[in-house]
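Shared chain: chain A. Partners: chain B in the first complex, chain C in the second.
Take a look at the complex of A and B:
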């Protein structure tokens, strides 16, 4: 059996292996970013640094429009999926049917994007027809177009994709919260909402904040479900894929890939730094408040 | 004692008195048995309406009859017949084998990391080390797959590196646009999930278990085989199912890395939708859903998958 102190080289080798795997997972992404700054593109013998591919990108109105749609969808997904993840985590804590509920909440992670996207596409088309039929039967046009493919249907696809992550992240933060504090607040006359908002929420705020960032990144990066359910508009990833398949891997394709990666890394990096700094501060405070150990 | 004679019980200051004084509609909006109770059911209703129902209905739609642009209610197994008697079934089996290969490679590469972090890294730093794997996982799957093209191509990073260190003298061209490229894409896309689920399962294993193994003189192999794997089995299984099903179902991987003719269940479904063959798309989706459900059910019966969630319950 390996002993960390008796055999430090084996310990270091294991660390090196871990870092090599992380490096191997990240290397293609960094390589894409590296190529995106080469004036001559991929495969050239010489490397001349340039921002031009990014300039080309931001002069393209289709890309700007697609970025706007991506931002709208991201914001709408945060506003819906994060509260839903929070409510789901609260419900999970109190329900007796934990296995059924957690299976329902986490299953969308296991169903591949093409399968769930297609099932939802057919579902929405059927719902649309059913509502049109209902409208015709009642002689009103109010029911027309409720489930027409568009922003709402794309949003539903994104909520299904992101809500399991929001649920798990918030649940992990909630597992550190002691429910006795809520009970104490209720005994003092607080309503359920006051006990949640003034006592519990400040302690799980980090989880809600991290969940919001994850939800934004996931919706920003999503392609398959959105392309099946979006209807008439384009998002950044759908433009990237159509660009890649129609015009091939040009310099601006690499710049698009680089832009998506840099935004994702910046958001996730900020979240990690913030949550780790916050955890560190809470730990220091807890240590400072802790009773000294009796001699 | 009657109500008239009993002394009036003063409700405690705060919520009791407020609620009693409020009209019914305000009680519904602010009381705990009103809208607040209803709100808790929103995720349940949403997931049932927009996830469970559409997924279950794929079975029904798969037996509908195809029309020119849509489908109509009926009962026919034509879509299944089309699938099983064409090259699609063979491609599906190949995709299953590639996916199973990706599961094995991900386990061999990723699970030892979960064990190492749990056993050797100080408890306070364990989550931070695991967070290293969040970063690649959070970068778009699309970008990670797309980024493999310049890495695996004939003049790409991998060939240049191998030639620079003298392992090969000629660039290898049989990586990109081959099944090997697809398996590499699947492993690099889904490996972090094996680390996460493996670590989550290992969190339920107390550290003293390893100390007991050390004290009793168990070897590395027997500790791994007889202690670690059985205890972490739910996490290993969940990670494996995730990789297997997504490897089989994410159509982008063979589309981008597999070259002409490469396909899997996801790309078959996508192409069927584009070809307006909705019953065929639903039949392949139904096969995938049934496979997934069967695997999860078997896993749950064998390993009790709820054990993975114990640390966060």
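Take a look at the complex of A and C:
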């Protein structure tokens, strides 16, 4: 809302500035999507709309497989990183050493992706060797391959990368939650779990859903750590980038880029729509129930 | 260990330390069943810590909590026969008023028809009939506290804990709610433990008041006793508007003691068996002091000291008069605002402050 004493042109200039920034950021993304529907590809003089590049994409078994792995990794990352972020946020509210705790929680973000990825790569390789040595010493083969590069190691890399974000997103929602409500629930006879599930969770649910969406997008788009730690399988992003490196940009490259953008925006859009719709519904219900009551 | 089941609450040598800081120091007391018990004291004195220890929200460093003779020291809040009303922010904002009130009953798996009936009864008791469908944010502060009260009372717990339940309300509403709380407590007949730093609130509702300060239980008693006959110097200083003088007992005889205040020598009742030479504090409530005319002062029977009149502060029902004693100490004399006192004295005028011997109390600590 505009301040009645403010200069209306300054107000319009702020909006124009915002739109220019968003436009500058999003224009290449939309251009990629636009090109992906051109039968003649990038740089062509003429534009003929086609779905062909997407058809080519979805007929490519490697793409289908990589999409599946990406989905599995995304789901596994959500199932681990979001609860970890939630527990960390709950701990943050209780601890007196907040600065130290936040620094530790966010520290994975301060390490460049290639450094963290290669460090984990070395770590897993050495761990794998140590367990193989342990197995050999004990005369068993059971320890072989525990930390060989694969789904688990890629997942660990993604968890390290996404937990700080999940923590921050949930913490923002949780900051409005009053711990007296948990105590009130306990005082009414609720166990610690009932107090969390019935009283606290409904109030931080939006943050948890937002964190899940954010974690999925981060895991979907992650290249450096995943490519170093994934072992034998491919994700959609690693296929896209190796495709760009090996064969250059082609029509199906733009289709892949368009697909990533559409999925990301769809996930974020869904969360936003859900959050806004829920907030509006709650407000509507509240207004309906607020009809005057005869004293 | 005493285990008297007639006592709703028994606290034995209860302590709570936060690192090197002792929030509560070996506090012991008991509360008779069905009484309205108030923990009164300054902020940071340990009264909320004590209440939360009774409710099981924090674990004691040492000591025992007995509820109706049963040791509950190691039990979680939901395993104790207590329920709690918080200062604010404790209603569940995503639930309607009716769901808030019925939450504890739902946890007990009560049949819906019975639950609805109990909720309606309880809302009626706190004066909120017809408010069940509303959301907490649609209620005023006072109404929200009533809902909290209903949510706790509906559980029919043995002990209701109230942590500064009226602190967030304005003065008028607080006064009304005090009377309401007292009425409800008398109706339901369960033990209430109410934490407050507000003396008027405490005096309005309490059957007994315990003064808690510096992590210790300083003194406890009926409101009239605590107000009119405080034993400890801290109580005299904290409760009411007392004037305190440091002095030394010079002579004792019968039930009287002579006290040297440096600038004057006065008589006081020696209820504590004080001996000559002992350092004491002498307290007199401001409403028991009077500003005397020369004729009054000469009539005798009163303890008197000369003073310089400084100013008056009109407070509506009463007027406070600030006077300075010969040693430079400023004290307050309070009179009913009948329109006469203000006209009698001028700033800078020499006046005589007087009181009946039995109005002063001696505190050896």
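Everything that follows uses one rule, which is that the second predicted complex is superposed on the first by the 273 of 295 C-alpha atoms of A that agree within 3 Å, B and C clash if a C-alpha of one lies under 4 Å from a C-alpha of the other, contacts with A are read in each partner's own complex, and residues count from 1 in each chain.
Convention: contacts are C-beta pairs under 8 Å (C-beta built on N, C-alpha and C of every residue); 3 or more make two chains touch, one makes a residue touch a chain.
In this text, all values refer to a predicted model and were calculated from it rather than measured experimentally.
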Is A:74 touching the first partner chain B, the second partner chain C, both, or neither of them?
neither
Chain B versus chain C as contact partner of A:203, first or second or both or neither
second
Touched partner set for A:191, first chain B, second chain C, both or neither
both
Contact-wise, after the overlay, does A:180 reach chain B, chain C, both or neither (first, second, both, neither)?
second
In the overlay, answer first, second, both or neither for which of chain B and chain C A:251 touches.
neither
Contact breadth on chain A, by residue count: chain C or chain B:
B
Please report the chain A residues shared by its interface with chain B and its interface with chain C.
188-192
Which positions of chain A touch chain B when the two form their complex?
1-2, 4, 11, 14, 17-18, 21-22, 24-29, 31-32, 35, 42-43, 84-85, 87-88, 90-91, 94, 98-99, 101-105, 107-116, 118-123, 125, 156, 159-160, 163, 167-168, 171-172, 175, 188-193, 214, 217-218, 220-224, 228, 237, 240-241, 244, 249, 253-254, 257, 260-261, 264-265, 268-269, 272, 276
Complex interface listing, chain B residues touching chain A
12-16, 30, 32, 36, 39-44, 46-48, 50-55, 57-58, 61, 70, 109-110, 112-113, 116-117, 120, 128-129, 131-136, 138-144, 146-151, 155, 157, 188, 191-192, 213-214, 217-220, 223, 241-242, 245-246, 248-252, 256, 265-267, 269-270, 273, 278, 281-282, 284-285, 288-289, 292, 296, 306, 309, 311-313
Contact residues on chain A for chain C in the complex?
178, 180-181, 183-192, 194, 198-199, 202-203, 285-286, 289-290, 293-294
Note: in the complex, chain C contacts chain A through residues 55, 57, 76-78, 82-84, 86-94, 96, 103-104, 107-108, 130-131, 133-135, 137-138, 148, 151-152, 155, 161
